[in-house]
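This is the structure I want to talk about, given as structure tokens.
As written, the chain order gives the labels A, B and C, with residue 1 at the start of each chain.
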Amino acid sequence: MTPADGAAPLLALERFCVAYGRVEAVHEVSLNVPEGSIVTILGPNGAGKTTLLSAIMGVLPARGGATFRGAPLGRRSVEERVQDGMSLVAEKRELFVTMSVEDNLRLGGFRRRGTAAFDEALEAMWRLFPRLDERRSQLAGTLSGGERQMLATARALMSGPRLLMLDEPSLGLAPLIVKEVFRIIAELRRTGVSILLVEQNARAALEAADYAYVLENGEVVLEGPAADLRQDERVIATYLGIKSVAT
Amino acid sequence: MSRAVSIPALVALLAAIALPLVPGVPTYWITVASYIGFSGIVALGIVVLTGVAGVVSFGQAMFVGFGAYTTAILTTRYGWPAFATLPVAILITGTLAWGIGAITLRLKGHYLPVATIAWNISFFYLTGGLDFFRRFDGISGIPPIAIGDFTFTSGGASFYYLTLAIVALLVVLTANLLDSRVGRAIRALRGGVLAAESFGIDTGRARILAFVYAAVLASISGWLYAHFQRAINPSPFSINASIDYLLMAVAGGIGQIGGALLGSGIVTIVREKLQDVLPHLIGTQGNFEAIVFGFVLILIFQFAPEGLMPYLRRLGGRLSRAVSPERPVVAAPPPARLPPERGTEVLGVADLRKTFGGLVAVDDIGFTVRAGEIVGLIGPNGAGKSTTFNLVTGVMPASAGEVRFLGQPVQGWLSRRIARLGLARTFQHVKLVHGMSVIDNVVIGAHLDGHAGAIQGALRLDRAEEERLFARARAAIARVGLSEYEQTIATELALGQQRLVEIARALAADPVMILLDEPAAGLRHAEKTALADLLRDLRESGIAVLLVEHDMDFVMGLTDRLVVMNFGSELAQGRPAEIQRNPAVLEAYLGSAA
Amino acid sequence: MTLPPLRGHVGLRAEAGRGPSREVVPARVTGTALDLSISLILLQDGVVNAAIYALLALAMVLLFTVTRVIFVPIGEFVSFGALTLAALEAGHMPGTAWLLVLFGLAAAVATLWAERRNLTTRIWLKTLGETIVLPAAIVGLVLLLAPLKPPQAVQVALALLMTAPLGLYMYATVYRPIAEASVLVLLIVSVALHIALVGLGLVFFGAEGSRTTALSEASLALGDLVVSGQALSVLAVTAALIAGLYLFFERTLIGKALQATAVNRLGARLVGISPAFSGRFAFGLAALIGTLGGILISPLTTVYYDTGFIIGLKGFVAAIIGGLVSYPIAAAAAILVGVIESFASFFASELKEVIVFMIIVPILLIRSRGALVLEDEE
């Protein structure tokens, strides 16, 4: 079964493989992200989640089928994929740490500099992330972990993406901030952006998502609507974890 | 690295010996062949320095100049015989190279090559500007090399054979060196400084050694050159010549001994032909071969960064034996040190603290690990586990606190010093040396059990010690169950097997304690089970084990005690069953939803 | 029998032939004791040279931070810029025309090869326009104007127009295909390119040196010291260029995009700043600065086809002192290099170069003390 039957997927992967030299990190993954949905990828450390997102973004070369908005991605470069409407918030955030918050945001809209959409997007970001608005001229490197995550997300949104990929958005954040991050994810969906979410915090991810894939050793071992997976024995045992072991 | 004499090498040697004997060969070609030998010696040094140690120098021609000027001055002004100046040239060059290396080699990648440009240019102007070196006119009247009444005349067969003998000797010495304990230390640089240091290798020293070795070879070449030319001036030792040498090594294939000679042969002959042909073709004056060589070097890096040797290897693949020599199987030697009694404290950490700027990465952590015990360090990403690991292993200094190893305070020690006490480790991102076999990688772990230096290695006086080290490595490989892969290139194994190779390398150090950084990451279920069995086996033998891990199932079933970290500080400590019930841990792992 | 084949290196040998007496600024006073007025003259010489070294150092820092390329051939832009202006002044067609056409062709081939998988009409037109039509147009313009001996400002503009685009073509041909290679590989390639360019310089400009007329013949007397108009124009142009660069980096989004690439390459790609865009821009800018350096220095000294290398290296020493990343330290170090060189040429003119290049040693010593021994691979 595919998520949200009927709608043409925004992103479709078909037997998608990524390898580092001889070591294959992602093996024949098939995956769909329908328009307007939140899809999450769960899995243990080293399962290939970050590799998968990097390859979708074009940072790493991949084999197999990948189409975005109906057109094959082929060998399009990272920058062309940004132009096409993809955006990735990487696990390490990749901010311009010696530059101001505002410069980081402006650079996020580099591909559409000088347009009205650029100015509108900038205003929208200040509204969506008031904490960033307060810190406009502060250097990105001096922000707290949560603020960095917000800045990275806002910067990614500045290019006006159709698909936003988030790699471990709650990584290393205090529980309270994690809540805030997921609130923003939910809010983004209402603006029409589709989201592909990689997350260690399986519980929060399954709460937020419509559909989920479980990746282990580079392969999809389980998939289904997020609500179903929350009840799945294996998922509970492995990812919602300690609790079941403890009880 | 292959030490076996390959058939193509023998054929090349025989052809080189036969060259002057072919009737009608013009002296011109014997001269060209001598030049190939001179530059081949320099390129051989570059193979060790750049191809193996990964250090780039644009100053090799300067070291050639050291050798040439030393003998020129000693023979013309002080009447020394030619052969007597060779040891002096080697000594002077070696000392100067050591000094230059000590200044620059500790710096990050690109400083050294840049500094060598400055050194080389300074040498050029120094020799060109001082009367002592006879300025740009140079020194002439250098006597030929002679033994008794016999004179090696330039351009004649005798000088050619002398050159050939020296080249052959240096090739053998270089091959021996690379296949020795010191050679492995130099090769280990490519697997990362961290890994090498954690097995007791002084990487700074290994780099300097490679630098000095390459400089000495260049100096020998300069000595030969001076007595061949009988006159020298600064220009053959300019930065341009240095770049030519680099081109030779790169064109042939910078990682391989044969590549050095192949490259110098090709470059020398091609230059000779270009100098004949190009001016006629183009019809003006110019330094056309420099243009051609410049662009050829660029094209090599764009299309064949490995050089030509690998292609030839493939063509003649069946002729050459590329495997490591078989070594006699001897019984595993007795352990280098006796394990401490089960239950004694091996690692003690108290109030350990690390701050980066204002950020507290590790906040007053304390725990102990005893002999025959497996302790797990767990926590979410960014909790400070890796930093703790780095503090304990001496990768970075702690801001405050105490680390004791076998009762000895070790905070502030470098990794390689701590390693001597019997601490071995593995890495989260596998750090094995590319292109090296499993056994060669694992024997690096036994580095501290040996003492042979570069000279012993080059002269093969280290065989008994080598056998012991290899026996230790072989036993370690057998213990992790990879015996059938001993000769396989380590980085071509599956990830799970590479992790086992790392554990074998740690075991080859005969450690009191092993630190494992996420050993189960990326392993399949069966592999995890096998790994857990192996770790239990290690515990049985009295080794202390500390592991950082994410996989809860793995940790819970295996460890004796757990330390849970969150935001740099300790969240809980205790037996796995207690940790599973600890409310603070549940909260941190499951978020407020729990 | 031809002479030993191994050692035919022209670059520095030619220099050797001319002897070590060539100096960027001729030592005007020798054999006298150092007094205040001589000190002031030496200081002035030093500062003027330093301004040019500073420009080159800034260009190198810019290129290194954005593309990780240590751009050794910047010295050739100095030589070529000066020699182009000299040829124009003499009413000749500069040899640069050939270089421009040749490198344009090479860039066309390299670019079309790199884009071979998505060759649209737009890419064809854009590439051919930039690499074939543009050089042809520039050469045509020079053919038209050069015999007319236009005013100096036009000559300078033409020299810039002919020389600076070479930077773009070199990027497309030499560096772009290996943009992801290690710093060391990029450095080796830079040095190889330098060697090839020096060879080409000899072919297209000949072994003769040239000197151009001063940009300004005026002079200014400050007490004992007479400051030449040329010295003042060098300082003025340098100051203006530094101010311009500052504004470009601080005030424009493209300038910030270059900075962003320097700070975080992956981050820059993720927001759609392509490395090729930044690379082209940085190379174009560096080539422009290098050429300008050559134009500024050409009235001060006789420039040969290989003079630029040594001048570039001094800029380089300054850039290294700044760790290849700091603009202000590099600029300050350039002044140090210029002044030390100037005084060294008074006290020990034979060893001037040695002294200048050895400045790097204590700097490296200081840096090495703070360096982490356990620095891991890049």
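Keep this in mind: a residue touches a chain if its C-beta (ideal position, glycine included) is under 8 Å from a C-beta of that chain, and two chains touch if they have at least 3 such contacts.
Bear in mind that the values here come from a model prediction, so they are computed numbers and not experimental data.
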Distance-to-centre winner among chains (Cα means, whole assembly as reference): B
Label of the chain whose CA centroid is most distant from the centroid of subunit A: C
Of A-C and B-C, pair with higher C-beta contact tally: B-C
Averaged-CA centre spacing for the pair subunit B and subunit A, given as whole angstrom: 40
Computed distance of Cα centres, subunit C from subunit B, in Å: 36
Centroid spacing, where centroids are CA-atom means, of subunit A and subunit C in whole angstrom: 44
Residue numbers on subunit A that touch subunit B, as the complex places them: 21-23, 44-47, 145, 168, 171-172, 174-175, 178-179, 200-201, 203-204, 207, 217, 238, 240-243, 245-246
Residues of subunit C touching subunit B in the complex: 1-2, 4-13, 16-17, 19-20, 70, 72, 174, 177-178, 181-185, 187-189, 191-200, 202-203, 207, 310, 313, 316-317, 320, 324, 350-354, 357-358, 360-361, 364-365, 367-368, 371, 373-378
Complex contacts: residues of subunit C adjacent to subunit A: 117-118, 253, 256-257, 259-260, 263-264, 266-274, 277
Partner subunit A, residues of subunit B touching it in the complex: 380-383, 491-492, 494-495, 518, 521-522, 524, 550-553, 556, 567, 580-581, 585-594
Subunit C contact footprint on subunit A (complex, rising order): 57, 59, 74-75, 77-79, 82-83, 87-88, 90, 94-99, 103, 106-111, 113, 155-156, 158-159
